[in-house]
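Take a look at the structures below.
Common to both upcoming complexes is chain A, partnered first by chain B, then by chain C.
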Partner chain A sequence: MFLARRLLNYVVLIFLASSFAYLLAATTLDPRSNYEQLDPRPSQESIEARLDELNLNDSTPLAERYVTWVGGVATGDFGLTIQGRSVNEEIARKAGVTLRLIVVGTVIGCTVGVAIGAYAAVRQYRSFDRVSTGAAFLVLAIPTVVIAVSLQVSAVAINQAAGVQIFQYGGEYTAGLDAGFWGTLGDRLQHMVLPTLTLAIAQFAAFSRYQRNMMLDVLGADFVRTAMAKGLTRRAALLKHALRTALIPTVTYFTFTFGILLAGTTFTEKIYGWNGMGAWVVDSIFTNDVHAVAAVSCFMAVCVMAASFLSDLLYAWLDPRVRVS
Partner chain B sequence: MSMSAERAAVVTGPGPEGGDETRVPGRWSAVGRQMLRTRRVVLGIGLIAGLAAVSWIGPLVSPWEFGDRDFAAFLQPPSPDHWFGTDNTGRDIFTITMVGMQKSLIIGLLAAVITTVLAAIVGSFAGYFLGATDKVLMWITDLALVLPSFLILAILYPALRGQGWLIFVLLLAAFAWMVTAKMVRGMTISLKEREYVLAARYMGVPAWKIIFRHIIPNMSSLLIVDATINVSSAIIAETSLSYFGFGVQAPDVSLGSLIALGARQAVTHPWTFVFCTGLLVILVLAVNLVGDGLRDALDPQSKSRRI
Partner chain C sequence: MTSTETQPAGPDAGSAPDAPVLEVTDLHVTFPAAGQGRDVHAVRGVSYQLRRGEILGIVGESGSGKSVSSLAAMGLLPEYAEVTGSVRLHGRELLGLDDRQLAKVRGRTISMVFQDPLSALTPVYTVGDQLAEAVRVHNPDLPKAQAAARAVELLRLVGIPNAEQRYRAFPHEFSGGMRQRVMIAMAMANDPDVIICDEPTTALDVTIQAQILEVLKTAQRETGAAIVMITHDLGVVAGFVDRVLVMYAGRPVELGTVDDVYYRTRMPYTMGLLGSVPRLDFQDKAPLVPIKGTPPSLSDLPPGCPFAPRCPLVREECTTGEPPLVRVGAETHQAACVRAAEIEANEWTAADIYPVPEIPEDAAAGTPREDREVVLEVDDLIKHHPLMKGAVFKRRVGTVYAVDGISFDIRERETLGLVGESGCGKSTTLMEILSLNAPQRGRVVVLGRESGRLGWRDRFAVRREVQVVFQDPMSSLDPRMPVFDIIAEPLRTHGHPREALRSRVHELLRLVGLEPAHATRYPAEFSGGQRQRIGIARALALEPRLLVLDEPVSALDVSIQAGVINLLDELKARLGLSYLFVAHDLSVIRHLADRVAVMYLGRIVEIGDVDAIYGAPAHPYTQALLSAIPIPDPEKERSRTHIVLEGDLPNPANPPSGCRFRTRCQKFRQLGDDERQRCLDEEPAVIPLAGAADHGAACHYAEERELL
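For the complex of A and B:
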């Protein structure tokens, strides 16, 4: 019942957020200029007809265009791109790319971050703690864009120095590569290393820092001492009692940082030339593609809500009191 | 906020008679002393002040004006003539980097102040009135959290083209207040039960006066810390947006647009990339140092603070 209400709330928020994005995009973007700047300039009638066909004509009242768009979305159709292709097909192609990047990057970044943060707290003021805290502090000062560009630049430099393509830094796979299943897989992995690393580094910094602080709070608590007093080894007490409790605020923190992660994904995709949702939205804004922008906004809203739902589930798993009530 | 509660009871500044009575340390002088005792804060403030000084004095000292082009030197490495080298169109990189840093600093500080003020007002009104006000305000906050703010700013970009960077600052602030507002709300809920708030209420002080005179001042340490953190997030957001051309528009430059220019040729002409990126990292690092140190110095509950 509680979950059902939560889900309904999520659906309403996603709907409102996408509508807001659509209305915003429909007012600020100017698809008409795309056709008017063509050379030779198409006739006025054909421009109007084309815009009407795409439901992008700015002489139609905004409310009317919005109703048409919502009607489409309600039946699962996000409309047409400015080139006249189906937005749904584009989503199907690009969403997987983005999700792969987000999921792998987040899982690696969060796990490593939480593990290092927790271990640093246990070894407070030792050299491991000092090095990892310093590294996290430094990385937090570097925007994801700069991390991505710097990694790319160093990859180019290393490749040039080595004379071999050790790192791939452009695109998602080598176009026209014919190397069988394993060859293709290896090629994809090689392309994935740097973008994933970019996201993981940014995540690692935020999470290790946060987890260290939370863990320090818990380490001195009575229940950890009790756990050790009743005969658990230090290791078991730390893992089962201290870490578990210290993870609860980190799970909430995850929800708040997820938006920043999505922004980071967008920048990473764009810089590494991946054809994902993030790179698509950046391009769509420049090509005045209203429906694509609205669709990506909807996708991102769904991702944020999914992350929020996931953290609710994790929270309930970690904190028995939530499950009882 | 036990510390703030104590301070609130203490008379601020010298008493009206002045002279012989023992001076009770006022809130701000105490905060100031706390700050100076934390080494990180001093180091951070020193760094920021240094960077600010260099960025304003630098262009005056440099032989090149902003907008000057040296048509005899395209993409030249650093030399006594051009301290940081020149870029593709012969601009002196030292001068444009300094001007860009000015802009990044101003945008970061302004956006952070506006964000924090907005967050304090929304959060404290929601927390003080609770009920319907709280429901509506928190619902708006949740809605604003659904879409990543960079997306909204990027969509709005065609409308702001040619509007100047002040509008950009306002928008940057308009989509960054949510998390702070939630914290302020939580703190307000606990502060509104304090004796001095209750006393003010029973004396018939109107609610908005209580909020601005009693509740917000008593959260000032949280707000100062958050404003500092917001400075670094604003600088980072500005850089990222400018990198893709959604932020500061030419002829204005910011560190983000310079990094975008330099990144394309970083391997062959490293001086176009290294200086602006390095300065950006040092700037954000300094702001984070201040924020971090302030949190330890001002907020006794910092470690258990939940966002």
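For the complex of A and C:
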């Protein structure tokens, strides 16, 4: 019951976010200019006909276009791209790329961040703490774009030094490669390392800082002392009692940072030439592709809601008190 | 560093039958300075031996190193603490063991109960699981189900009702007393040989304290463990322990059997400590023994006896070297004082060596109370708080009956003590009186003017006459204001002549026993007792007639508390004040108050003359309350039987029908069914007792009973 209401809320929010994105895109983007600037310029009638076909004609009232679009979305059809291809097919192709990046990047970034942050708290003011704090602040001060580019530059340097292509930094895979299942997998992994690392590093920085502070709060807590007094080693007491308790606020923090992560994904895809949702939305804005923009917004909203739902579940699992009360 | 006389432990001490279980020798703990501060020498040479099944009390004021010395023995201090000396458990040296080896000992051979039960349990695990964990850490092969069964058994042993269901409860669903029971269960889980209890009852109400002390006795019976009982409460020690170790500034200053230490005290600090405690069992109100000054800073100790700056017997030779703990009198009695022999020879007591202030006789003592003016009248006062639920859309789910129809009055030059356990409505009552607004029901009349019917001019005038002193001196004083401005503030607000301001502030400072020269300092530069004096000076600035005091001394150590109590006593007599004194400490009330009102769940259950009520309380709750308080007199304490109330305070949002106390009433349980029915149906009102001048109780079966 509780979950059902949550889900309903999410659906409403996703709908609102996508509608807003559609309306914004439909009013600010100008698909007509795409055709008018063609050389040779198509006839006026064919432009109108084409725009009508795509449901992008600005002489049709916005409300009418919106209703048509919503009608499509309700049946699971996000309309056509400006090139006349099905948005759904594009999504099917690109969503996986982006999801792979987000999921792997987040999992690695959060896990490493939490582990390093928690350990730094235990070693407060020792060298480990100082180094990790310094690194985290450095990363936080640098925009994702710069991180991505610097990683690329270092990868080039390493590749040259090693004389082999250890890292790949363009696209998701080598086009036309025929190396069997394992070869393809290896090739994909090679391509994945750098973009994923870019995202993971940013996540690590935010999470290690946050987790360090949360951990410091509970390190001196009486219940940690109790755990040791009953016979747990310091290490066990810290893991089972302190970290476990200190993870709870971090789960909430995850929801907040997820939006920033999505923005980072966009840059990363663009820089590494991945054909994911992030890169697509940037391209679509340049090509005045209203439906693509709306579709990507919807996708992002779904991601955010999924993340928030996940953290709710995690929260309830970590903190049994919410289940009881 | 210093020599302490303890029986030398032979090399085979570990195996002898009466060998000490725990042997601490010359323990030192230093916290190295962070930055440019100085090292804190928290423990400086503690030695004691604990025999099988023995209970050793460690007493001393806060900061004397009681906790640190026991945490050091358990290996629970932070890593940066420097610990030297020796801690032997069954002859095995514990200091220097690594964490893994120590963990094997902790909780199995030596375990600990901490002060604050509210934060001592991990919030995200059930109490049962935490208890089972304690069992399983030391018996990894034990199946989970058996560990859980053992946990349930332990919960039952420490008196948790419905142990099987409560196993699955989380700590926040337990009251403080219940959590402390769980802590004790945890400490006894593996049949340890030593249990260290660090102020296990300090955070609890007296009736709960009595329960917990009972549980500790059970724990000792079950496990046969020796107990180290750390406390600042000299009453708790008196009846509970075999021997006492008194600590001051990180060192033991007196050690001996309870009787030796209490009746044949040989160290001036211990004497002062015992003399400074207000006594529940004393009718005459001799001034308390205040110890001047404050304990020394542990990072900057004077040479010689650390007590020298405060000691009335101090001499030249005291400051040359720190006196060692040496035998005085009985073989087992030791004291660290160069004049111990002299004290013994002359049989000096605290009253002989400490200058006690003269407290003037109250001019009004002769006038009967009926003939004195009524300063405050409270009639059928009610304060109900709505109980809200929900984050955004709050809805009312019930009512907290915080104060539910109470009546009393205070006459001129009279002190009324309002007592009761936490949550019984004492503070709410004060706030209602101080607000000067119309109460939800009933009447509050301050100096003849009824609250809620005052124009602003009257309010202003009444505010002048009624002043308040709060519990926590620090939070009630603005830390950015110098003391002069703090005290001058009410004077300025009420238009005191400017030119007379300085002299008035200085006069007030002298009145409360502070130096006028201190007026330029800030609150942070004063000790707790001095800050409370500043608070009192500010309250007195406008020459009020009624002073409302909310737990004014409960945050202070006894030796400091004594000075403030004496001051309040003196001010009352000199300035002709009336006090409404709220406290949970019944001994303080007996010492200070003329009349007392005992509250339970928003109602007054007994009210009247202090001596009448303390001498022969008539309400079962008052009887239980008085009986629960330990008296710092070992012989009396041993011969007393305590009435131990069952259970916790009921939820004030859902008080029991009829008499609110019936769920815990010891008398109720002895009544027949017919008699009980009345307690169930009919809420008793305060009725004057037959034959008593000023004594009423709200119990259908009130019966005076001598307890002390």
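Note that the second predicted complex is superposed on the first by the 321 of 325 C-alpha atoms of A that agree within 3 Å, B and C clash if a C-alpha of one lies under 4 Å from a C-alpha of the other, contacts with A are read in each partner's own complex, and residues count from 1 in each chain.
By definition in this document, a residue touches a chain if its C-beta (ideal position, glycine included) is under 8 Å from a C-beta of that chain, and two chains touch if they have at least 3 such contacts.
On a predicted model such as this, the values are computed, not experimentally measured, just so you know.
Kindly say whether there is room for both chain B and chain C on chain A in the superposition, answering fit or clash.
Overlaying the two complexes on chain A (C-alpha atoms) leaves chain C and chain B fitting together cleanly.
May I ask you to decide whether A:H241 touches chain B, chain C, both, or neither, giving the answer as first, second, both or neither?
second
First (chain B), second (chain C), both or neither: which does A:D222 touch?
Only chain C is touched by A:D222; chain B is not.
Could you tell me if A:L140 is touching chain B, chain C, both of them or neither one (first, second, both, neither)?
Touch status of A:L140: first partner only.
With both structures fitted on chain A, tell me whether chain B or chain C touches more of chain A's residues.
Result: the larger residue contact count on chain A belongs to B.
Touching A:A206 in the superposition: chain B (first), chain C (second), both, neither?
It touches nothing on chain B or chain C.
Quick check for you: in the superposed arrangement, does A:D319 touch first (chain B), second (chain C), both or neither?
second
Identify the partner contact of A:T233: answer first if only chain B is touched, second if only chain C is, both if each is, neither if none is.
After superposing on A, A:T233 lies in contact with chain C but is clear of chain B.
Look across chain B and chain C in the superposition and give the shortest C-alpha distance you find, in Å.
Between chain B and chain C, the shortest C-alpha distance works out to 6 Å.
Can you pull the chain A residues that chain B and chain C both touch?
none
So in the complex, which bits of chain A are touching chain C?
221-223, 225-236, 241, 244-245, 248, 318-321, 324
In the complex of these two chains, what residues of chain B are touching chain A?
For chain B paired with chain A, touching residues are 142-143, 145-152, 154-159, 179, 232, 236, 239-240, 243-244, 246, 256, 259, 263, 266-267, 273, 277, 280-281, 284-285, 288, 292, 303-304, 306-307.
Touching chain B in the complex: which residues of chain A?
13-14, 16-17, 20-21, 24-25, 27-30, 137-138, 140-146, 149-150, 152-153, 156-157, 160, 213, 216-217, 249, 252-253, 256, 259-260, 262-263, 266-267, 270, 281-282, 285, 288, 293, 296-297, 300-301, 304-305
In the complex formed with chain A, which residues of chain C make contact?
For chain C paired with chain A, touching residues are 74, 76, 99-100, 103-104, 106-108, 111-112, 114, 116, 119-126, 133-134, 137-138, 170, 172-173, 183, 186-187, 189-190.
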